[in-house]
Structure formats: C-alpha cells, structure tokens
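One structure is given below, represented as structure tokens, and several questions about it will come after.
In order of appearance the chains are A, B and C, and numbering begins at 1 in each one.
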C-alpha cells in the first residue's frame, strides 16, 4: 500500500511534573481517574501519546480540564522538555522554501535536538495561537510590529516585503488597516485574537497549533474567527492541531480527533465517527454533555 | 627584559613595589589567555572571566587593561588611545602605569605598535597581521537594549534568538524612518553571534570586516572577554532595503591636515562660536602634517 | 457484468452504550452482499431494521463490531474499509466515496453556492470554474437563482435536501451512499433527483441508497437488499 510519509510523527510522548516513581504508571491515568501519583505526588501531564499528522490535515484533541491536551501541545511546541518520547518531522513537497532546514531535521528526534534546532523549527515551520491572546502578542509593540516579529524570526530581511505581508494579513483577517500601527492594548478580544492569527501565519508555516482559540470569546466573534481559520486553511493547506473542549469547534474544523482523559488518549478516530458512534464510555459522556 | 629577569631586577635592586612582569600574577594571565583563546575560537561570543582588582576604578578601562597586561611581552611596543587621542588624560595614565610595571617601549605611531589599547575608536591607518587591537568595553551585552535579564540574554545568544533586536530596528524605522543607534551599532559576527563592538562610531564599523589584525574586547566591570579573529565576516545588521549608513562628512575636512576621509571631531570655538573639524585620530593627523 | 466494487462479509454492528446505564444494542448482524460497479443497490426494510446504521458503517461514520467491508479502491486496491487506517479512509472519502445524509447539516454562514462549490475547490479546481459548475448544478436541481447567495438555513426541507445532494455528487464520486434522499421532497423534486441519480449511474458511478418508496426502489434498482429487524 503506497503511503505518504506523515508530516509529524509522535511516539510515546510522556510528560511528568515531578520526580516520578515506580508506582506512577500504575496509579495514574483514566482508569485510576487521577493525574497525581499518590505515592510521590508527581503529576502526569500527558502519558504515552502517539499519533501521526499528515500534510494538509487537521487533527483535533478533545478533553476536559486536566486531560493533558494543553500539556501535549506545549510539549510539541517545545515550551518545556519532555520526560520521554520521540517526535519526527518530514515534509517532501518540492520547491518549498524551508528545504534546507527540513533536510537537516529529517529522521532526527526533535525532542533530543539542541535548543538552537528547536528554535529554528518553531520559527520557520510552525505557528501557534493561544487561548489568551496576550500570551501570543506583545502589548508594547504595534499590531503590525507583532506580525512583523514572526517574519523577523523567520529571517525575513526586506522591509517592504514585511510591511506588505503585514498589511495583507491584516486585511485577510478582516481588520481595519488604519489600526495596523496601533498597540493591541485597546483592541477587543476578537481583534487581539485576529492579530495572533495573522502573526502565526506570517511566515507561511507548515504546521499550526491552536490552543482553545475561541474559548472566552463572544459567540458571534467565535464563529467569525473559526470561519476565518477554516477558509485560510483551505487556501494555504497547512496542517493544524486543534485543542478544544468544545465539540462544536472540533466538528467544524477537524476531520480526525483524539479524546484525552487524565493524560492518556482513550479514543481516537474520524471526527464524525467520534461524534456519532463514540465507543469509550467517557467519550459517550463527553459527547452527550454537549449542549 | 623577560619575566624572569624582571623579577631578578626587582629583587636585586630592592624596587619599592614588587610586581610580577605586567602587574598580573601568572595564574591570572593564564586564565585570561585561556579565555582569549576560547573567545577567538567562538568569534563574537562573550566569555565570562574573573575580572581582577586593578589599580584603576571600574569603568575606566580595567577590562582592556587586563587583556593588554595578559598578552604583552618584552618584544612588544604599546600604543594607547582614548577617543583617537594619544594625549588624553586617561590614555597617558594607562601608559604610565603599564610602563611602571613592565618597562616596554611606548609609541604614538600606529604602524610601529604591536599592541594598541583603545577606547571607543579604531585607528585610521590600516592594521596588519602582527598587530592586536584591544578594545575597552563598557557594556558588552548588546541585547540589553531589549532585555535586562542576563539569564535571558544568555539563552538568546545560545539559541540565536535575535528577533528582539531585529524588531527594535524595525520599530525604529517604522516610527522614525531611521535607526536610532549611533555608536556601538550591533554587528553580526561570523554569521552567528550578534555583538556589541564597543561605543565606536558607525564610521569605524566597516574596518572590522575581514580585518587583518586580531581584535580583542574586554569588559572589566561586566567581566566578559570576546574576540574577532583576523579575516572574519563582520556585518552591521541591516535590512535589504534599509542599509547601514556611516556618518556623513562630505564637504568637511580637518583644519590641521586637510584630510577628508577620516572621522572628524567637531570643534566649536568658545568665543566666536565658529565650527571647525579636526581628525579624531591625532597621531594620524600629525603624520599627515609632517609630510 | 461489471467487476465488483464492494463486498460486505458477515457484518455486525453492536452498540455498547453506557448512558444512562450499560446497555448493548444490536443494530444488525450476519450481513453479506456484493455490489458491482455501476449498480444501483437499494437497501430496504422496516423502520428500526438498521438501514441507516448499515449505510453509516459503509462510510465509516459507525465502526462495525464484526465482519469486513471489502472496497475496491481505484487508488489503494482492495481494502477492508472497516479496519483501514484513518488517513486512508479520509483520502477515499475525498476522492472516491460520497455520502448524502438524511438531513442537511451545514454551517449556517455559508451560501448555498459556496457550499456546493467547496468540494471542487478542495480538489484544486479554480474558484471560477467551481462556481460555474455549482451554479449549473443548483439550476439543474431547480433551486431559484435568487437563493444562490443565501444560507440554506432558511430554505425549505426540499431545497435543503437538494443542496445536500448537489454538494455530495458535484465532484463525480465513484460510489455514492444515499440515506433517504427523496424523503422530504415533493413529487416534482423527487423526479429531478432520481433523474440526476440515474445520470450519475450512466456515467459509471455506483449508487447505494435507502429509499422508503417501494415504487422508486422498483423503478431504479439493479439489486435490492432487504434488512430484517433484529429482535
């Protein structure tokens, strides 16, 4: 069977906060219904997570608080070192501008790479959008400057090109151009989120991480932001990992998803299948709890 | 005389102050030389060192002085300049001190010197491969303008995370249509580290690129040594469409020697208020006048 | 006749439900049939016999508990759709296999035209051509022109269903699964839809459908499969 190589391959990713002990594995997780090991008080962030993500694919990760979905995302974004596990990146599309870097990291377990390589990976190949826009943008720089920062991190050195792209993204995310040089301090929540989206997309990433991007926004704003993300993904074909506790978001954006509980993946499958024919009792509980 | 002879001479002639050759003890010299070697091996990287007690106050050139004293030998000829002048109070004081502790020839002639210690200027005459230029550096950390924490700037250099400083330049250009950094303009060394060249004028920056001599930088108060080995790529950081510019002296010349292609100091006559210009590099000016 | 395109062997679907209490529910079992390329295969049976569930299993919306679904994919050869890896299922769904649900479930903010054009745009067909074909298709299905730019949310049941069908067939899939496609249509719309389905069949598509109307089943089917109700 012919196979396309996955864009991202994650194997047995585990993150524990604490020293760890021999009881941790057996005393934590969804069957035990707890994240914290009673013996050594170590907390399981996420445990033994494996998955593949393909080019132009959107993967959802669903779960409630403490499920480990945000820990998983942070680990993939190298926000902290992992306890164990491997992560491989591969992208074979011709004529892509990052060919050198991608060749360099082919078959390299990124979790064991140097911070320098991890930063290159983050800057050139990925983008991230956080739930709280203040985590992703600086309030002391103009909106345009925030978007420019991502390009500067990806070694863009032509002012005109940077400026043009900032304006282009501003318009694409349906923001008024006259506010591009203002600080996002006085922007509404939805607009701040759009600045974050523009920033994440600025350097043409291949992989985008979305962490509960619409939680906390007004419903109409939520809808606008989600539609925007959807249409941009259709246009540029980047892959996305979408974290949410809201199945509505998952249904709208994703084709496959994983359900997490107490740090472990308890079910995974096609999104429509998870929503209409959930197998695991916890998944059934989650799906039936949607308003 | 060499180190041994010096010590014998001190002992035999019952000199009142019993110093090692060039004031510093051999262990100190060893440490500083090792750090210089490391700095030369990693161009532009700031190597920490245990800056010693010196008979001049911190902030008056102790870093440059420690470098000079660690490398100087009886075959060397020394020149010391301050803002280009051999005759400023600070330069004279340093020269007097060094002569007291190692009795080596002193010169004003750039071509004759083998070791040149300088504050805030590079001599006009081209340096050759048998010469070493030692810079006195007040603040070695170029990223201080965007980040006060040393822990963070250390990580930034390690990961080549220089987006902050690029953003600083970008914002300057957007707001003022000019980069506001005057002296001490950040340079990229060997395509890897961004470095503070000490507060030399922009005019001197091009002299650093592929210089035939060894450039050593010492910050005594901040306890850092860094270096640029000969024939290293040193480029001021700039955008493709907003290039680095040096000071513009067109239409002006030195009132003493009529030089037009040198860095000029502006002199305002106290009584008449008239402006005139003079070579900052006094020894070069004198040479030209003698011709 | 034509070669086989789908073989179902000993298929069973049992739901294990945990809410409000643990309960097992058997939708169907021991299902066997074969479908040839270009056939119109109808699934018939009393209400509650598991027809919709069977169709959803064929699309992998439901996961079967026993048996195999051997699908002759033009990209991957013969595969067991029931146990196939997710990314291949998604690929087949976007290139060969289509599903028309009983009710149109759609994002309220997209116009009918965009909805129908979307599958073509996903296949990298240019915006202009996709929109043209979408207009054509909607016209064929007698959707009034002034509704093209409106969201189908406000359409009548019949109009909604026709948009649903348009979206599912506009890209000429090789297999089309249809769950009661004419249930909410008046006689005229019903005829239009049947015509379109027969045209698709003529062009080589295989159609697998659930119909409640015995007349239609008799009129168009090459094969009829009767599902018994599980006691």
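By definition in this document, contacts are C-beta pairs under 8 Å (C-beta built on N, C-alpha and C of every residue); 3 or more make two chains touch, one makes a residue touch a chain.
Not measured: the values here are computed from a predicted model.
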Shortest chain-hopping distance from chain B out to chain C: 2
Most central chain, judged by mean C-alpha position against the global CA mean: A
Length of the line joining the C-alpha centres of chain B and chain C, rounded to whole Å: 77
Centroid distance [mean C-alpha coordinates] between chain C and chain A, Å: 33
Where chain A and chain B are represented by their mean Cα positions, the distance between them in whole Å: 47
Of chain A, residues touching chain C in the complex: 1-2, 4, 52, 54, 57, 223, 227, 234, 252, 255-256, 268-270, 272-273, 276-277, 279, 281, 284-285, 288
Residue ranges of chain C touching chain A (in the complex, touch as defined): 15-19, 56, 60-63, 76-77, 79, 86-90, 107, 109, 121-122
Contacting residues of chain B [partner chain A, same complex]: 155, 158-161, 163, 166-167, 170-171, 173-174, 239-242
Complex interface listing, chain A residues touching chain B: 115-116, 118-119, 123, 141-142, 144-145, 148-149, 152-153, 157-160, 162-163, 181
